[in-house]
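Letters A, B, C, D and E mark the chains in the order given here, with residues in each chain numbered from 1 onward.
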């Protein structure tokens, strides 16, 4: 029956041609070399030069991974939201923005996953359990699932534009959850109108704020085992 | 229809439908791969072509249900890519599905679709009578109707909408002999009073007699100007 | 088909379908209100009648999907009220719906329906080729097919089943000109090799040419013996 | 037809479908009841049940929400009516508002009955201590119900519309909806705890949670109405 | 074709549909995860969580079961394939067995993943006290999983078939299924509690519950296979 006209197949994506030529430019190479050097320094600093913590001993070094990963995820999600907005509100709804949004969300999900994994390992070391039900951890988990949902929506059928519009709307709604995660500790505290008994001293202040806030909402017996 | 531009304001001069090298993509597949078509007011154009040629895709595109991937599509003077919202109130589509609420009765269905465009009770009743679903069937839930009765109800909803551009996807399928005659009379009358009608059909004799022009869709392409009769 | 009586054992003498004052009720409504019909082996009988007359109901009853409320219905010598399980393996129905798995490809669908009755790979391929879905379309998920292509796939599943009694509800609807010709050829050939075919259709010319006899269903009643041709 | 009138037409249509099919009364309600009973079974530990009762009410409501939303959109997609609405040029905001209103009405009925069930099954009772006695607590309870319901209905309609008509929408819907309604779940639970005085909560604590619920409902109501067009459109 | 072969064909077909649409991996799994998270949050009280964790696993499984069953039958009724099966004279027992097997496979995968999630989120761990150490507990756990899964799959398929094709089946299904699986829910919870040693339960206590589960699975398996024909037939 229907024979396909060549014009019909012209729009189908052609197989990516394997290319020997690199896409790099002088500038990107310089940036790359800079990154590798900086990373080397960071690894050396984080694992070797910085002193171990008084209470958490060597395990405090996890912090150097833990916080950057979640901030990277935040960044990725913000990029998703911004590109979504650019897609929706620019005149020429360019699919480039949509692709940027999708790629960025994938990166973000990967990094939240790392935060969750590393965080729970750390939790095992410091609290003795992998997970506890406090505001920040829960909101982080919700953030994770929300963006999994976002990625699922991107896989729905339909035309490119439809998919792009749908996921752009979702990407802009979902980003609201970042402040929710970031301020969760504070919000929770004010909403619960509970005084916190966290008053750790010295260089643990920073770390302690998270630990104690975490434990405040759950069993006191599980609170910071450090010290 | 008050917030949308009133029908008269859309009564532009010049052709009602103009497709210029239009491409529409389903998933990855260019189901419409370069369509050229110009339809004047009052015409009844038959779209024919083999299964999978792209007739349904063409109609859905004109109804604003599919994005225009390339080329320009103009309906009633509005550009489909940018002014879709303005086009829709003037367009009526009968698709492969009927678009009925199966738990509601025939009357309630026609009422709902009619009232959203501000049709009066009389107009609604007239539409039902026109398609022969006004009497015994009026208070039966649509779920219980036979296939042809559902199709008739769907057509009654369409008639109640008083669209300017009618897009019909195999309207004769499932109708009995009387229904076909009623439908043809309805379409001829609508076209006579200024509506523009696109009909996709495989029943070439029946639809061919009705149409003023017939256009062939092959492998997603519409190029022939069509045979004027 | 081994556990069910083999086709040959069902090859009884005498008429294949005998309906004697059969009544079938949908909800409260007697959609079939006294049907008398006798069909011999190798016949192609056209059921015609207005929308809602009860054609679909009659076909679904013969397929064993509806209970016989009153009267006796005998198919291939088996009584439909008591021996429905024995009738079914020999009956194939094409309803208003296609009965496809929309996530599976055309090939996988035909394969599934064919293999449940033990058809060989060759037979399955032949059935697909017969209805024109063997090539480009074979590996496309059915969800993406056009209306006519779905109908063709459904017909291919039916052909692969090698039934003795074919019950077809508007088989031509949605098929293009080639598809109709292929279908008619297929049906004629099946009837020639001993199958018995009931076709409900509103396309009286097309189906009338094909049929050896035509019977009118009106308001749930089938009384006329039909016009022998 | 103004957006508002069309929204009312749509809501009336949805409620009429419900009246015809009696799905909420005959099936969702027993489902919610059973959910609560099965929670009670699964959590059959000393002293646990009465403290977690408010949470259970809202969990049961949330799961019923999922079912209601799915039903609400399956009547639209069963026979392509959603497409027909879009072709008819009906304002997407009207569709959103209309369907959300109908959903809210159904949810509200459900919640009130669940609350009664909790009084019977779990032995909850309205807090009657404090200055004004039970009056304040009842006001708190009613405000909580209304604002939480609006929030739930808005989120449900938004994501229901998004998932409608796609394969696997029955599974996509919970995935999208549950994380989004988690704040409502928490806020409403806390507010109800205050109203019934679980674990020594006092009525005045409840109001900040109601504030959260109201903000949520307004945000999703407005955001949903604006976003619905692009969501259901191609 | 023997009943058994046809059942295998049907199971293979169902699993293939699942592989194509990836609904379980992409949507049901996150749904189950979020269910567990939201339970945990709603029940966020001191010491409650770890004692009720086994119950929560099974509750999440039960809700996922509902979704899976609905999906399993919506692929049959979307385009009238169930009618086609009946007309094709396929033995109803084969349909029941095939669909139940496919369901059981999907459920089992889900449960194993949920168990891992419980280990991480709720801090559960296998009981390693007793004579043989953790070996016995692991055996108990695996037996529980398998027998509970068979029971759930049988009940789900039975009622899924019953509800399939009725209007409002999305709401009828939970109503029928939840009460029927309550024994599984309880038995499996108790058995897992023994395996992980919640509240001082010991491994040996678990076996009687596994017995119950097995009886349930066999009863519903056989009963379902016999009753399925009349159920899906008019």
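FYI, a contact is a pair of C-beta atoms (placed from the backbone, for glycine too) under 8 Å apart; a residue touches a chain by one contact, two chains touch by 3 or more.
Just so you know, these numbers come straight off a predicted model, no measurement behind them.
Undergrad: Please identify the chain with the largest separation between its CA centroid and the CA centroid of subunit E.
TA: Max centre-to-centre separation from subunit E belongs to B.
Undergrad: Same or different, please, for the subunit D to subunit E contact, judged on whether over half of the interface numbers appear on both copies.
TA: Both copies, subunit D as well as subunit E, present the same residues to each other, with over half of the numbers appearing on both sides.
Undergrad: Taking each chain's centre as the mean of its Cα atoms, which chain lies farthest from subunit D?
TA: Farthest by centroid: C.
Undergrad: Comparing A-D against C-E, which pair counts more contacting C-beta pairs?
TA: C-E
Undergrad: Measuring centre to centre with CA averages, how many angstrom lie between subunit A and subunit E?
TA: About 33 Å, centre to centre.
Undergrad: Compute the distance, rounded to whole Å, between the mean C-alpha positions of subunit D and subunit E.
TA: That pair's centroid distance is 27 Å.
Undergrad: I'd like the Å distance between the centres of subunit B and subunit D, where a centre is the mean of that chain's Cα atoms.
TA: One centre to the other, that is 38 Å.
Undergrad: Using the touch definition from the top, which residues of subunit E touch two or more other chains?
TA: In subunit E, 21, 26-27, 30, 34, 37, 41, 167 touch at least two other chains.
Undergrad: Would you mind listing the residues of subunit A that make contact with two or more other chains?
TA: 1-2, 4, 138, 142, 145, 148-149, 152, 157, 159, 161-162
Undergrad: What residues in subunit C touch two or more of the other chains?
TA: 102-103, 176, 178-179
Undergrad: So in the complex, which bits of subunit C are touching subunit B?
TA: 26-27, 29, 49-53, 56, 96, 137, 144-149, 151-152, 170, 173-180, 202-205
Undergrad: Going by the contact rule at the top, pick out the subunit D residues touching subunit A in the complex.
TA: For subunit D paired with subunit A, touching residues are 162-163, 166-167, 172, 175-176, 178-180, 182-183, 190, 205, 208-209, 212, 223, 227, 230-231, 233-234.
Undergrad: Under the touch definition given earlier, write down the residues of subunit A that touch subunit D in their complex.
TA: 88, 138, 142, 145-146, 148-149, 152-153, 156-159, 161-162, 165-166, 168-170, 173, 180, 191, 193
Undergrad: Give the list of subunit B residues in touch with subunit D in this complex.
TA: The contact residues of subunit B facing subunit D are 1-4, 63-67, 85, 88-93, 95, 97-104, 108, 112-113, 115-118, 141, 157, 161.
Undergrad: Could you pull out which subunit D residues touch subunit B in their complex?
TA: 1-3, 6, 9, 13, 16-17, 20-21, 75, 78-81, 83-84, 86-91, 234
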